[in-house]
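Both complexes shown next keep chain A, but they swap its partner, so chain B is in the first and chain C is in the second.
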Partner chain A sequence: MTLTTADQVPPADPLPATRAALASHGRTGFMQEKLPRLVTSLAAFVPMAALLAIVGVLAWKALPALGYNGIGFLWHTAWRPGNAYANPVRTGGVLHPVGASYGALPLVAGTLESSVIAVAVAVPVSVGAALLVVEKLPRRLSSTVGLFLEVLAGIPSVVFGLWGALTFGPFIARDVAPFVAGHMPDVPVLNFFRGNVGYGEGLLTSGLVLAVMIIPIVAATARDLLRQVPRLPKEGALALGMSDWEVARKVSLPWARAGIIGASVLGLARALGETMAVAMVSGAVLGTVPTNLYLPMSTIAATIVSQLDGAFTDGTGYAVRTLAEFALLLAVITLLTNIAARVLVRRVAGTALPIGRGV
Partner chain B sequence: MTTAGAGAAGRVPDNTPLDLYGRPAWHRVAAGYVGWGACGLAVALIAAPLASVLWGVIGRAVPVWRWSVLTEAGNGQGGGLANEIVGTLFILAGVSVLAGSVGVLSGIYLSEYARGRTGAVLRGASEVLAGIPSIVLGYVGYIALVIALHWQYSLAAALITLSALTVPYIAKSTEAALRQVPTTYREGAEALGMSPLRSLRRITLKAALPGITTGWLVAMAISVGETAPLLYTAGFSDSLPSLSLTHSPVGYLPYVVWTFYNYPAKAFQSLSYDAALILVVMVLVLIVLARIVVAFTQRHTERN
Partner chain C sequence: MSLSSPAARSVDSPVVVDRGDGVAMRARGLSLGFGSTAVLADLDLDIHRGTITALIGPTGSGKTTFLRSLNRMNDKVAKHWHRGDVLLDGSNIYSPGVQLMALRRRVGMLFQRPNPFPMSIAENVLAGVKAHGIAGKQHYRAIVEARLREVGLWEAVSSRLGSSPFNLSGGQQQLLCLARALATGPEVLLLDEPTSSLDPITTEHVEALLRSLAPALTIVIVTHNLAQARRVSNRTAFFYQGRLVELTDTTKLFESPEHPETANYVSGRMG
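Then we have the complex of A and B:
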């Protein structure tokens, strides 16, 4: 036997070569090649079609509300369903109850603030844990931490909501928030951390519950990226006399930096769209921008889920259309965040990010 | 760093950072302790909420647990969870068939047939779809399927909405599993005279089956607990789900957790805790199954 074929460098994607070989073999009958290709390609177009349908349906439903609410929708704070008992009026061709007016600012602010808190807490924790798992812990222990992350990723968001409402929120209100609020100096910027701590439903609890929920995807991605750091630079650094902490801090971490930033943006996208848990711990207050950590608030996603029932009672359909506008806004925000994270990581790190919750 | 000194030689393997004279550099040693200590704290900050969530659910559900929740349907005074359990299993079975078939076929296309830009665009669309908030999917399902198609709250609307959420997971894991099958398998099958379809079915898919199964189990674990896509598509019902696909609402477990936990009556609160416990157990079972499949295959495949 000669070793010539084994010695050759394989082509980057060997499948086309295989397919070409198959094609030249005369086995490209309809049943063998074309039909499977057709059927599978139809299935592969389903996600694309679903995306288009989502944006299309939302735009179709939201368009009249979009016209009536106008661009000011983005910075108004009102949440007025209008008078359900008076005869509805028509403005610019859009039927709506008298005095109805909706603004997105409080919800956009609530969504962004809670998500930023979540990312600010989740990213350092995730990266620290990923460093320990990859650089220090023996295989057995790191597989245990992996199991933690999988279970955390698998726990349903209503269960997180239940935990946040009954266990974690009260814990924050009783043991954490009074301490923070009481020790914060009275400086303009830090006033965000001061205030009446309430009962544990609000911005801080929402942000922290979201942090727990996005840790799995950020930590699992960071771990996988850190595992891809090549051996040689690490060994070189060790040979130069670096300690294992310095290797982790000054070789591995910079190597994976772009990917970790991408993973954080992915976590942000997840936090922006998380619904049930936030709906259960946010306090569901509409129409005010949260100006300190402890105020009850709501997010776009949580509002859609909690207000749709009530929106059905608006006989003009205007409330449902406005919620469609909110859904469209949320879809666009998360779409852009997701795409940005993926493009960034693919360009800079050359790897693909995981999807969803990072199981 | 020189470690040539006679006294330093013994310290080389433990990798203590040294200064230029071969003495331990204590501030760098301390930095290591502080750094790894912070990382250890990070692991603790992941483990603690997990333990608290699990304990919170178990500690609430076990004291009020009665086995009849598994067999009794719900009623105005509380009752049991039989209708929700059956509903969740119905939804799970439907999603596993619908999202399973679409997802696996889609994964096959992306790995075996798609070339160049088409593949990249379709893959990107699938990844982005997985990032769409579940409530947005639920809302679209409500507008398009429940209202526009007049299906009302129904199993079919729930299945299609939830499948849109799970197809990307199954497609991605199928594609990854197929890509890991060595090209030599495909070439060997061809060399032995197998037809392309038969080779795909008997060789490639068979080799990728464990990976596909794992992804499918993970997707099932996710669909068990999803609430937002179902609230306005499946609706809710106190009676056992009927077999009709449309015009018949379905009860499911996450709804109970979300709605009953702040009812004043203790019977409803208990049901909410029980439902949360059942959900967590179902998710854990699915995750453990996925781990077993992975462990089993790792033992039975040769490493090269």
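Then we have the complex of A and C:
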């Protein structure tokens, strides 16, 4: 546009920003395209690299122990650091204290058992609470319950551990365990619930403390999933003459099933890896598999944290290498759990939901 | 009605024995609302047994709310209240001793959009049968087949009874929901704009089905489609602003309505 007279003013550009954007569109400048792509690629690379680095270093550290402990590591129960005062010996090229021997069975059993107890307790409680909050409680009350869940989720695990060790464990040992142990019939499976009830630090206390810790995760997810169940199928079930409980069982829960299983697996993963709280309430017994529900035990994570200091005093490095092997084992267990969960979710989601489909 | 072999029931054999007055359901002085809003005001209305009654009226006229009062689906809505009675076979469905589940077994419902449950096609048909313990396991197959044949869905789904209903078309899903509602052997079937989400061909099929079900079943249908009301119903009720303006034979209501409001609505001068 050209100005012909002095009093003619060019009209102000109404959309300068849009014009600028249009002008730069299609340009392949470094700042516009390459830098953002570089930054995002780096960001995407970080988690992958971190995982590889961690597993790699662990494996590198653990490799000599892997060779010496052998495959029997998985089913042996021993926990013998060996003689720290004698001269270390070399077996198959691996330097270790005389008489050192480690087995993973007690810790693997403790880890799995306490986590299974936690999930078995937490999932029904969480799903029940979520159903109550979504279907029954008035809105004001349900948001209060939601607040409690969020607060519970934010409490550090060491606080749970202290509560378990000081209050909850003794309560179990004094008021709950004797009653249960005294009334269980002495038959296979159920006799796991019988016998010496211990002093409150052990498998049951660990499992229950873990349950309290994973309830917020599972309950909050289940609540959100149940809220997303559409109204129409639920109304259809009511109109068919189903009770509220039947509607929940036949419509709401199946609708949310895959998601609830996913949330339970997240909870299980948390329980498998939880360290501090379990270290405080497990009783920290090494080298034996608990023979009943109440006896002291330990888990892989709790043992790594409680034994690391001592392991550094082993001049041969063999104890630390064994702990690294334990860490690898825990990573493998968690990975297997995740894979199993994915398979499970895919199988139970068999009745395809109307996601992304018109009616 | 015989509970031992529900599969034996067919369209041709009426389920309900008329008790003489020809009235299946009756509203007496029914007022109903939510909180401070009154939706229905002092309604008196008879639903004749074995007929199809259409409820028409502009949006917000209370016809759906009335329909939902016939199986007490409004009960769950916040701040629901009501006055007056709704009679089913002469007894008040709002009296304190009434079992909601038993009531809803006798008064079934089909919704605006298909709402299959997240279970297999066969399980969907059986959902109500199982909930009410109507028949033993040995009858399940026969019930599924009979009900699916009744709604004309058997050929399309017989090879995939165990698969998800959500892969069916919208019309097929709605027919499945109809089969599910019929499987509990209701006396009255409530339909809330059942074809509003369906294509014309399926709609025609559903309408023919309703006409064939009618002698054995009392049907109440809410519809926005006046032509549909004319096609399927024996009697039509015109609702306006929470009141029943007129209830009479469908032909009469459309051709020589008594009230000017009805005339305006059915002629399209008022929507």
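Of note:
Simple rule for what comes next: the second predicted complex is superposed on the first by the 311 of 359 C-alpha atoms of A that agree within 3 Å, B and C clash if a C-alpha of one lies under 4 Å from a C-alpha of the other, contacts with A are read in each partner's own complex, and residues count from 1 in each chain.
Here is the rule we use: a contact is a pair of C-beta atoms (placed from the backbone, for glycine too) under 8 Å apart; a residue touches a chain by one contact, two chains touch by 3 or more.
Owing to the predicted nature of the structure, the values given are computational and were not obtained by experimental measurement.
When the shared chain is aligned, no partner comes close enough to touch A:Leu63: not chain B, not chain C. By the touch criterion defined above, A:Gly241 reaches both chain B and chain C. By the document's definition of touching, of the two partners only chain B reaches A:Arg37; chain C does not. In the superposition on chain A, A:Pro233 contacts chain C only, with no contact to chain B. Contacts of A:Val176 after superposition: neither chain B nor chain C is touched.
Touch criterion met: A:Gly273 reaches chain B, while chain C stays clear of it. Looking at the superposed arrangement, the partner reaching more residues of chain A, out of chain B and chain C, is B. In the superposed model, A:Val251 lies in contact with chain C only, and not with chain B. By the document's definition of touching, neither partner reaches A:Leu105: not chain B, not chain C.
Looking at the shared chain after the overlay, A:Ala301 reaches chain B, while chain C stays out of its contact range.
In the superposition on chain A, the residues of chain A contacting both chain B and chain C are 238, 240-243, 246, 352-353, 357, 359.
By the touch rule above, chain A contacts chain C in their complex via residues 230, 232-233, 235-243, 246, 250-251, 254-255, 257, 350-354, 357-359. Of all the residues in chain C, the ones that touch chain A in their complex are 71, 73, 76, 100-105, 108-109, 111, 113-120, 127-128, 131-132, 163-164, 166-167, 170, 173, 177, 180-181, 184, 197. By the touch criterion stated above, chain B contacts chain A in their complex at residues 1, 3, 15-18, 28-29, 31-32, 35-36, 38-43, 45-47, 49-50, 52-54, 56-57, 60, 101-103, 105-106, 108-110, 112-115, 121-122, 124-140, 142-144, 164, 167-169, 171-172, 183, 186-187, 190, 195-197, 200, 218, 221-222, 224-228, 231-232, 254, 257-258, 261-262, 272-273, 276, 279-280, 283-284, 286-287, 291. Interface of chain A with chain B (complex): residues 10, 14-16, 18, 21-22, 25, 27-28, 31-33, 36-37, 39-48, 50-51, 53-54, 57-58, 61, 124-129, 131-133, 136, 145, 147-152, 154-163, 165-168, 212, 215, 219, 238, 240-246, 248-249, 266, 269-270, 272-276, 279-280, 301, 304-305, 308, 320, 323-324, 327, 330-331, 334-335, 337-339, 342, 352-353, 355-357, 359.
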